[in-house]
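Following: one structure in structure tokens, then a few remarks.
The letters A, B and C name the chains in turn, as written, and every chain counts its residues from 1.
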Amino acid sequence: MPADLLSAIVTILAVLLYFYMSIRVGQMREKHHIKAPATSGHEEFDRAFRVQMNTLEALPVFLPLLWLATVYFHAYTWLPAALGLVWVAGRVLYMTSYMADPDKRGVGFGIAAIAQLGLLIVAIVGIVQCWPGA
Amino acid sequence: MPADLLSAIVTILAVLLYFYMSIRVGQMREKHHIKAPATSGHEEFDRAFRVQMNTLEALPVFLPLLWLATVYFHAYTWLPAALGLVWVAGRVLYMTSYMADPDKRGVGFGIAAIAQLGLLIVAIVGIVQCWPGA
Amino acid sequence: MPADLLSAIVTILAVLLYFYMSIRVGQMREKHHIKAPATSGHEEFDRAFRVQMNTLEALPVFLPLLWLATVYFHAYTWLPAALGLVWVAGRVLYMTSYMADPDKRGVGFGIAAIAQLGLLIVAIVGIVQCWPGA
């Protein structure tokens, strides 16, 4: 199975999850009658908005690391996509637990953070291994 | 015409539009004397800020889908770039109508959303077609 | 030295800097007891938050331009990565000066903006040069 196709699927999953979070914000905006351009006004809206924003803040780290790892790491070609899948799962848990209780968002956040750290290490190892003469 | 060059141009256009939105926020900040780190304080600034933020929130969905579709979809190579161009046009309309009246932002937002959905479908079809043995 | 490896390293550096900014926001959240989902409450937290957000807002411009320039510009293959390094340095200065005094954030911001403009020009030149028949 080509590594890039696996990472392409993980990218689609991450994008779909983020898309779902954005739709939730729109729904909460309507439900609690929070008129644009306001971005605050009800606890439930605020939670949905922070879930989306925090994931948005994580995407420019996650996606570049996923693809750098996919392109440059050749020892275990499935590893970047596997770590990416763990990231997506962590973010799903983060979303559901944050909506239930902001204080419980830590576990999902931590799982995604560890997967991200794994991708960083794999990307760096891959770049070093691809270095001319290495 | 190579498909990747067309998508490269659309990426440049999307980035330029977003860049223009960011400059507008800076101008509104000066015009209405909203001192950093504040991000609110005048209706016109708030609208410009929300236009930029909402487009920022859309970019990590749009750009990965545009490039996944460009790389994996080979039936009509011009299609991803064409959908990308529609997205950019929808976002221009979104910006101008939001600045005029936040309640009228729906049409431009919808056009961009439909283009994005099209890119998602084209990307998935492309990945399935590239699957080994498919 | 292959140009893509240099840009891969610059991408890692940009991602690490952004990651560090995010951690700072989390630290300020704890230090000043600002409970999620709130994103305001103390001047020092607000500065750290704006530094991270402004860099987040810049990443979807910076990373696509860096990679478009890297892929399409072949005259001086080291140039995109060099401009990317200037961008990272400008953003480090932006962070340190913003935290010290928001009014002094201009120089670092300007350096990063000029590097970004350089990448835009290099990317466009590259795309034009790769155009079939050009």
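Following the convention adopted for this analysis, a contact is a pair of C-beta atoms (placed from the backbone, for glycine too) under 8 Å apart; a residue touches a chain by one contact, two chains touch by 3 or more.
Not measured: the values here are computed from a predicted model.
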item: Fraction-based call for subunit C against subunit A, same above half, different below; value: different
item: Cα superposition of subunit B on its sequence copy subunit C - rotation in ° rounded to nearest 5; value: 120
item: Gap in Å, rounded to a whole number, between the CA centres of subunit C and subunit A; value: 19
item: Sites on subunit C at which at least two other chains make contact; value: 56, 60
item: Footprint of subunit A on subunit C - complex, ascending; value: 1-2, 5, 8-9, 11-12, 15-16, 18-19, 22, 35-37, 39, 52-53, 56, 59-60, 63
item: Subunit C residues within the subunit B interface of the complex; value: 43, 46-47, 49-50, 56-57, 60-61, 64-65, 68, 71-72, 98, 102, 105, 120, 123-124, 127, 130-132
